[in-house]
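Heads up: the structure comes next, in C-alpha cells.
For clarity, chains are labelled A, B, C and D in written order, and residue numbers in each chain start from 1.
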Amino acid sequence: MTGFVMRRIMMVFPVMGFVALFVFLLLHLGPGDPAAIIAGDHATPEKLAEIRAAHNLDQPIPWQFMTWIAHVLHGDLGTSLLSGLPVTTLIASRLEPTLVLAFLTLAFSTAVALPLGALAACKRDGIIDKLATGYCVLGTSVPFFVVAYFLVLVFAIELRLLPVQGYPDAADGFGNLLLHLVLPVATLSVPVIALVTRTVKTALLDVLSEDHVRTARAKGISEASVIVFHGLRNAALPIVTVLGNIFALLIGGVVVTESIFNLPGIGRLTVDAVLARDYPIVQGIILLAGAAHVLLNLAVDLLYLKFDPRVRYQ
Amino acid sequence: MSQPLLQLHGLSASQRDGRKLGRPVLKDVSLHLDKGETLCVVGRSGAGKSLTALAVMGLMPPRDMAITGGAIRLQGEDLLNANPKRLRQLRGPRMAMVFQEPMTALNPLMTIGRQIEETLAGHGVTARRERAIEMLKRVGLSGAARFHAAFPHELSGGQRQRAMIAMALILKPLLLIADEPTTALDVLTQKQILGLLRELTAEAGTAIVYITHDMGVVADIADRVAVMHHGRILETGAAADVLAHPQCAVTRALIAAGTDISVKPQNKNLSGEPVLTVEGLVKTYEAGKSLRRNGETIGAVRGISLSLRSGRTLGIIGETGSGKTTIARSIMRLTDPDSGTIHVGGTELTALSGLRLKPYRKKVQIVFQDPYRSLNPRRTIGQSISEGPCNYGLCRKTARERAQRLLTLVGLTEDVIDLYPHQFSGGERQRIALARALALEPLALIADEPVSALDMATQATVLQLLRDIQEKTGVAIMLITHDLRVAAQMCDDIALLRAGRIVESGSAAQLFSAPQTAYARALLNALPGRPAKHDNKRRASG
Amino acid sequence: MSPRNALHMLSIRSWYRPMSLPRGMTAASVSAAAVLAAIAALAFFAPFIAPHDPTFVAPTVRLQSADQTYLLGTDSFGRDLLSRLIYGGQVSLLIGLGTAVLATAAGMLLGLTAGYFRAADSLIMRAMDAMMAIPSILLAIAIVSLWGASLQSVLFAVAISETPRVARLARSLTLTARSELYVEAAQTLGTSPFQILWRHVIPNALGPLIVLGTYICASAIILESILSFLGTGIDPQIPTWGNIIAEGRMYIEIKPSLVLWPSLFLTVTVWALHILGDTTRDRLDPKALTRKMADQ
Amino acid sequence: MLSMSFRQGGASLTAFALILLTFFAAKSDGSAMADEQKTIRAVMHAALRVTDPLATTAYITRNYGYMIYDTLLGTDENFKIQPQMASWSVSGDKRTYTFQLREGLTWHDGSPVTAEDCIASIKRWAERDTLGQRLMEEAKSLEAIDGRTFQLTLKRPVGFVLQAFAKLSPYPLFMMPKRIAEMPFGTPVTDYTGSGPFRFVADEFKPGVKAVFEKNENYVPRDEPPSWTAGGKHVKVDRVEWIVMPDAKMQVNALRAGEIDMVEHTPFDLLPLIEADARIMIRAIDPFGSQIMGRMNFLHPPFDDAEVRRAALLALNQKDFLQALVGNPAYYRECAAMFICGTPLETDIGGQTLLNDTMEEARAALAASDYDGAPVVILQPTDVGVVKTHPIVAAQLLSDAGFTVDAQPMDWQAVVSRRASQKPPEEGGWNMFFTIWNATDLLNPLVNHALNGRGTSGAWFGWPDDPKLEEYRMAYAAAVSDDARKAIAKDMQKYAYDQVIALPLGQFLPQTAWRRSLSGVQDSPIPLFWGLSKN
C-alpha cells in the first residue's frame, strides 16, 4: 500500500513537469518575440533588452526553462508588468472569492444533484428521471452566462431580494457575503448540477446493476438500505472522481461568473491580465491552476486508496 | 404437511422492452418442492433455470422481464401478489439464495462480517457479531474473526462461496436456492462446497433448489430433478429414475456429457516425431501486476518441460491459475518467458523476436477459449480466416479459396464466408477459429480450453471435429483444459499441472486408470457423479 | 449461464452489429438529427438564405425592431440579426467540427501510440495528464491572447485542450483491444503491429471515439461562446453565436432578442449534439462505455 | 466513504440553510450598515492600474492623481488660473516667478511640504510633459528660496508658465515628496504619499477590481469655494471606492439597486433604463465631452499620399460613428471643429464633408488617386466599449468607397502597443486607428497632440512630418490677441483638413449617472470627489 501511495505521489512530479513545460512553451512557441510579449505595450528597445536579460531570453531555451523552473520552485512567479506587484501576491489576494465561489457551487450542486441523480436512477423512466435527464442535457447546453442576466433581472432588480453584484468583505458579516454569492452560485450551478446529476445517475445505475446489489436484495433488507449502503456507497468513488474532473469546468465557469458579478477572484484577474497582456500573471495562474488540478486528482486517488479496499490491497 | 413448501404453477414470463412484451422466456413452468428436499433444475444455458429461481425470490429484473402468468406459492402464500414489504420479510428467514459468481455477488467495499450482519439487521436480530462469527465457523472458515473483518477480494473463490452460504443460511431459511454455486470453482473446491451445503441443510431441514447444467452434480445431491429446455420443464422425477431412464433427448445428452469419463482408445501413432519441445520453461509475474490469491502468485510457470509429437494429442490439465494458459501464451510468444527454451521443428524460438520470429509463428497455431472474443466483430469470417495466409504472402484470391475449403473442413458451408461473427453461434465460431488456425497449415495446434465456453452438446461436436482434423491432417494438438472428462476423451498423453509445475505426466490411459500421485487421485475423486473408487466419499466432503 | 451473462453476451453481439437497425432511435434522437441537419443546411447555404450581409454596418438603423426588412431586427451596429445568426452557424459549426476532428485525430494518434507501444505510454500519458490539468478556458484564452484572436488560434486552442480527453479514451480502448483475444490471435497469425492497429484496434475503437467527438464538438461550441463572451474570442465583426450574445448582453433588457435568439441557436445545437452523442453511445453499448466515458 | 458523502451533503445543506437564514437576517436590518461610514462607491470609466501619474496619459491615472496629490495652481471653471498649494508673484521683467506655498501643507505621512519637494516634482514632470519640456528649455534656474518659497527664472519671458503649472490635463503638475519624485522613471510608484485631499488605501488596492481612498483628515482646504481644481477641496465623506465593473449592464443594475452611487460613463444605450428612475440623476458633468478621433499613418502607403487621405476623409461621416457609439442624438453633436465645438476656436472650416454623406465623391476621388488596392490595416480593439465601434464603422465606410480594408481585431492594450510601431503594416505596423480624446486635451493648437507635425521624432502616432503645422503652432503660441489666435487656429484647421492630419469624427457627452443620495456633484472636465456629500 505504501508502495502504491509513493508511486502515486511520485507521479505528480512528471505531470507537474509537463505542466510547467507547457506553460513555458506557450510563450516560446507562439508567434512573435517572447520579450515583446512580456514587455507588452511599453516595448521600447531598452525595455526589451532589459527583459531579455532579466528572463535570460538570450540563453538557449532549455537553460531558460531550467532557470525559470528554479525561480518557480523558489516561489517566484515574476512580477506583474502593469502594477509591478509580485504575481504570487496578486494571485494570493484573489484566491478567496474564487475558492468560496467554487466551494459553494460544488456544495450546492452536490446537495441538489445527489438526491436528484439517486431518485432518477432508482425510479428509472419515472417523471423525476425524465425531468432530470432533460435537465442534464439542457443544463450543459444552455449558455449559463446568459442565465445570469435573467437571474439578476428577476431577483435583484424586479424583486429586490438579492444584491446585484459584488464581493463584500467577510469581516463585514458572513451572511452579507453569502447573500451576495447566491446569484453567482446559482448561475455557475446551472451546468454543474447537470453534470453531477448525470454522473450520480450513471454511477448509481452501474452499481445497481451489479450482482452484489441483487445479493443484498435477496437478504431481505429494506430497499432504502440497498440504495444507500450498496448503491450510493459504492457509487461514491466514481462520483468523487468526476467531481475532481469538474474542477476544470468550475474554473471556466468561475472566470465568466466573476466577470459578470464583479467578484474580485482569479477569473477576473486572468481576463484582466490577458487583456492587458500582463503575461507573467497569466503564466502564474495557469501554472497554479494546473498544480491545483494535479493535487486535486492526487487527493481523489488517495481517497480511493482509503475507501476502496481493493486498491489498498494491491 | 399436506401442502408442498414451494409450488410453481404454470409460471410464464417474457422479456420486455418498456411496455412491450418480447420473447417468452418461461413457459408454463410447474414445480413443487417439499420440506427438506433437494431439487436439481438442470438444463443448458439459456434454458430459464436462473430466471425461475429469480422469479421465486421476486428478484427478476423488472425492467427487462415480466411475469405473464401462473403462481408461485411458498408454504401456500402467494408470492407473485405479495407486496414488496412482505417479500422482504420472507427473504432471509424463509428463502435465501446463493449465486454463481461469488466475486461479483459480494459487495467489494464491505467486509464479509458486515454483509452477513446486514441480513440479521434487516430482520431485527440482535447479537449480530457473535452470530455472524459463529456462522462463519460453521461454513468452515477457520479463524472466523479474521474472515469477519476481511473484504471479498481477500478471499479465494471457495472461501467467498462459503461466505455466501453463511449469509444465505444464517437465518435458517426453509428454502435455499443455489444458482450454479460451484460452476466457477475448481472440481476439488466444488466437491467441498457441495458437501458443506448438504451438511448444513440437512441439519436445519432446509429444502434446496439446486440449479446446474452438470448431471454429475445431480447424481451426487439430487432427490428429484427437473430438466428445463427453452423455458419449459421437459421432465421431472426422482433423480435416480431420471438418470437411469431419461425420457427425452435433451436429458440424455446432458447425462452423456456429464456423468462419466470415457477414455480415448489408444492412439497407434506412437512414433510421431516431436514438433514442439519445451524445456525448463519459467514465467513468473511481477508482484504488482498479478492477481494474488493468499499470497501465492497465480498463473506462474516454474520449470515446465514437455514435448508434442505430430499426430498425437497432449493434454495439459490443471485447475484455474495452475499456469496452463501461461504455457500456451509463452509458446505462442504472446508473453515472453523468463527462461527456458522452446523448439519448433528444431529452431529455438525464445531468442527470436519481430520479423525473425514470423516464419515460425505459422508453425504453431492456437484456438482460444472464448469464441465470442477471439473473432474481430468488424471483419467477415472470410477476412479473419485469410488474414494469416495473407500475412505470409498468399494472394487474396488463393487465401479466399483456402478459407472456403477450410470452412467445409470444419463443418460449415462455403457461402457463409462473407458473414460477420455475430451471425454465428458459439460452437460455429469455435469452428471458424479453428479454420483460422488451420489456414496456416501448422505443425502444432494449441487448443486453450476450446470448449469450456460451450454447452455440453456443442462441446461434443467440437471435440469430435478436433479429432477428425487430427486424423486428416496429422497435426499435433496440445489441449489445455480443466475438465478431466474432456481430457479423457481427447488425449493420448497427459501432463497434470499444479501451481506451475507438472505433478504427473504420462499416457492418458495410465493416468485415468492408475493415477500415481495423491493429487491426481483427489481430482478424479472430486468429479461429480462418479462412484467413489479410490477414496471415501464422506471424508472428501469434510 | 446466469441471465446477466446471457444479457451480457447479447449486448456484446448487438454492440458489434455494424451500425444496424435504428434500435436506439427515439423521438429525441430523430429530432436532434433533424435540428442539426437544419442548422448545418442554414450554415452551408447561408449566402443563399441570409437576407442581408451579416457584417454590413449601418449605424443609422441600429437596434431596429423586427420588421419586413429585418425579420429579427438589427443589432447595435445596424446589422441584420437574422443574417448574423445564420452565418453565425457557419463559424460555430466550423469550430465545433474542426475541433472535434483535430482533437480526435491528435488524441487518437497519441492514445493509440500510448496504448499499443508501452515504451511511449507513460511519457505520453503524463503529458496528457498535464495538459488536462490546465483548465481548458485558461489555456484557450492564453493561447488566443498570445497568438492573436483569429479563427485558427481559437480552433487550435480549443482543440488542444480537448485532445487529452480523446487520448485517454483512445488509450484505454487500445488497451482493451490489445487484450482482446482477436488481437492476440492476429499476433499469432503473424500480423504486424501496424496492421493490427489498422485492422483490429482502430475499427473497434472508432465508435466510442466518434461519440466522444460529438461531445467535444458540443463543448467546443460552448467554449467558443465563452471566449467570445469574455472578449477573448474571434473578431467580433465575424458573426458567431458567442459574439452575438457577447455584444447583445448589454441590451438584454432593452432588446432581449439580441441575446435570446443566439442563445436559442446555441442551446439547440449543443443539445442536439449531446442527444446524438448519447444515442450513439447507448447504441454502441448500454453499459461499459458509459462508464468509460464518464471517467474522461 | 458513505460518511464522507453524507458529510459533504450535510455540509452543503448546512451552507444552504445558512444562506437562507442570513438572507432573512440581512433583510431585516439592511439599513444598519449605512451609518458606520460614509462611502461613495463609484464605477469609473476604466480600471486604475498604473499609479504613477507621469507614466501614462490614461485619464484614470490622472484622476487618481487629483485624488491623492495636490497641485501648485488650480484652474477654475472660467479657465482662470488660481492659487491652490501656492500663490505666485511675477517680477516686472516677467522673467522671475516666485511661488509661495501656503501654511499647513503636509504630506500624508505628516511631514511638511517643502519647496525642495516641489522642485523635485516639477523636474520630474518636466521630463515627461511636452509643455514642461518647453518650459525647462526656457528656464534658467529653478531654486528654493526657503522652506516654503521657490523661484523659477526664465531666459526670456514666455506666456505659458502659469498655464503649464495649472494644466488640467494631460500630465497635470502634481506635487510629490522629493523621495518619490527623484525615483527614476520605470520604477513603479508604490509609495502612495501625496498631499491631496484623499489618501490612497494601499492595502485595499486591487488593480482591476477596486481602488480605495480615505479622507485625508489633515488636509487644510483653501477658503475659496471649490471650482474645478481651484478653491477649497472640502472632503465630506469618509471613503471613496472606485469599483471596476467589467460588465456594462451590471453597472447600471448595481446603480439601480443602490449598490453603487455613481457611474462615471453610463453606456448610452442603457440610459433609457434609468432615465425615468426618480432615484437617479443623469448629467454630462464634463461640459465639453469627448471627441472621436481617427488617425492615419503618414509613413506608409496608402495614407502617405494626401490624395488617398482626402478620399478617405470624404468616405467618412460623423453621423455613422456617433450613431454606432451613442445612438441617441441628445448625447452627441456632429461637429467638424478640430478645437472642439463650444469653444472660442470653433469653426467647421475644411470639415464639412464629415457632416454629410459624400460617398460618391469619395469613390471618385479614390478612383482618381494612385491607390493601388493595398489593404488598409485598421487596428480594431474588441474590449473597451468606447473605442470598439469606430473601426467597424470606418471599415464599412472605407470599403464602400473602394478601399481594401483589413480590420485586425485585438484588445485595446494591443492597439496601444501596436500603434507605437513605425514599421510597415505587414511587419506589425498599421494604417489607421481610432481613439477618444477628452475635449480639454484638444482645445487649442498647443495642447492638441494630433496636430503636432514633428514627424517620427515628436509627433503623435501616425507621425505626420509637416513643418507647416509647427509654424502654425509657433505662431499661435506667440499670438497676443484672441482674434489673432482665432485666425491662426482657423487657418491651421483648414490646412489640417486639407492634409487630413486628423479625423475628428464627432463629439459626444459622456453621461454620468448618480444616486440622488449624492449631492454636490460638480460639473468639471475632471471628476471631482471633494465637495461631494452623501446622505
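Keep this in mind: a residue touches a chain if its C-beta (ideal position, glycine included) is under 8 Å from a C-beta of that chain, and two chains touch if they have at least 3 such contacts.
Quick caveat: nothing in here was measured; it's all calculated off a predicted structure.
Student: Could you compare the number of C-beta pairs in contact for A-C with that for C-D and name the larger?
Tutor: Pair with more contacting C-beta pairs, A-C versus C-D: A-C.
Student: From the mean C-alpha coordinate of chain A to that of chain C, what's the distance rounded to whole Å?
Tutor: Chain centres of chain A and chain C, defined by C-alpha means, are spaced 21 Å apart.
Student: So the centre of each chain is just the mean of its C-alpha atoms; given that, what is the distance between chain B and chain C in Å?
Tutor: Centre-to-centre distance between chain B and chain C: 45 Å.
Student: So, what's the distance in Å between the C-alpha centres of chain D and chain A?
Tutor: One centre to the other, that is 39 Å.
Student: Two or more other chains in contact with one residue: find those residues in chain C.
Tutor: Correct list: 145, 148, 231-232, 249, 252-253.
Student: Can you list the chain B residues in contact with two or more other chains?
Tutor: 99, 101, 109, in rising order.
Student: Two or more other chains in contact with one residue: find those residues in chain A.
Tutor: Where chain A meets two or more other chains at a single residue, that happens at 149, 153, 211, 229, 233, 259, 271, 274-275, 277, 307-308.
Student: Please give all chain pairs that are in touch with each other.
Tutor: Pairwise, the chains that meet the contact rule are A-B, A-C, A-D, B-C, C-D.
Student: Under the definition above, what is the set of chain C residues touching chain A in their complex?
Tutor: 4, 122, 126-127, 129-139, 141-143, 145-148, 218, 222-223, 225-226, 229-232, 242, 245, 249, 252-253, 259, 263, 266-268, 270-271, 274-275, 278, 287, 290-291, 294-296
Student: Using the touch rule from the top, collect the residues of chain A that touch chain C in their complex.
Tutor: Residues in contact with chain C: 11, 14-19, 21-23, 26-27, 30-32, 37, 137-138, 140-143, 145-146, 149-150, 153, 199, 202-203, 206, 209, 211, 238, 241-242, 245, 247-248, 251-252, 255-256, 259, 270-271, 274-275, 277, 279, 282, 285-286, 289-291, 293-294, 297.
Student: Hey, which residues of chain C end up touching chain B in the complex?
Tutor: Listed in rising order, the residues are 1-3, 5-7, 9, 12-18, 180-182, 184-192, 195, 199-200, 203-204.
Student: Any idea which chain D residues touch chain A in the complex?
Tutor: Interface residues on the chain D side: 1-2, 4-5, 8-9, 11-13, 15-16, 18-19, 21-23, 25-26, 33, 47, 49-51, 186, 188, 190, 206-210, 243-247, 249-250, 253-254, 256-257, 259, 383, 411-414, 416-417, 420.
Student: Taking the complex as given, what residues does chain B use to touch chain C?
Tutor: Within the complex, chain B touches chain C at residues 45-46, 50-51, 54, 61, 64-65, 99-101, 179-180, 332, 334, 358, 361-362, 364-366, 368-370, 372-379, 384, 387-388, 391-392, 420-422, 433, 436, 440.
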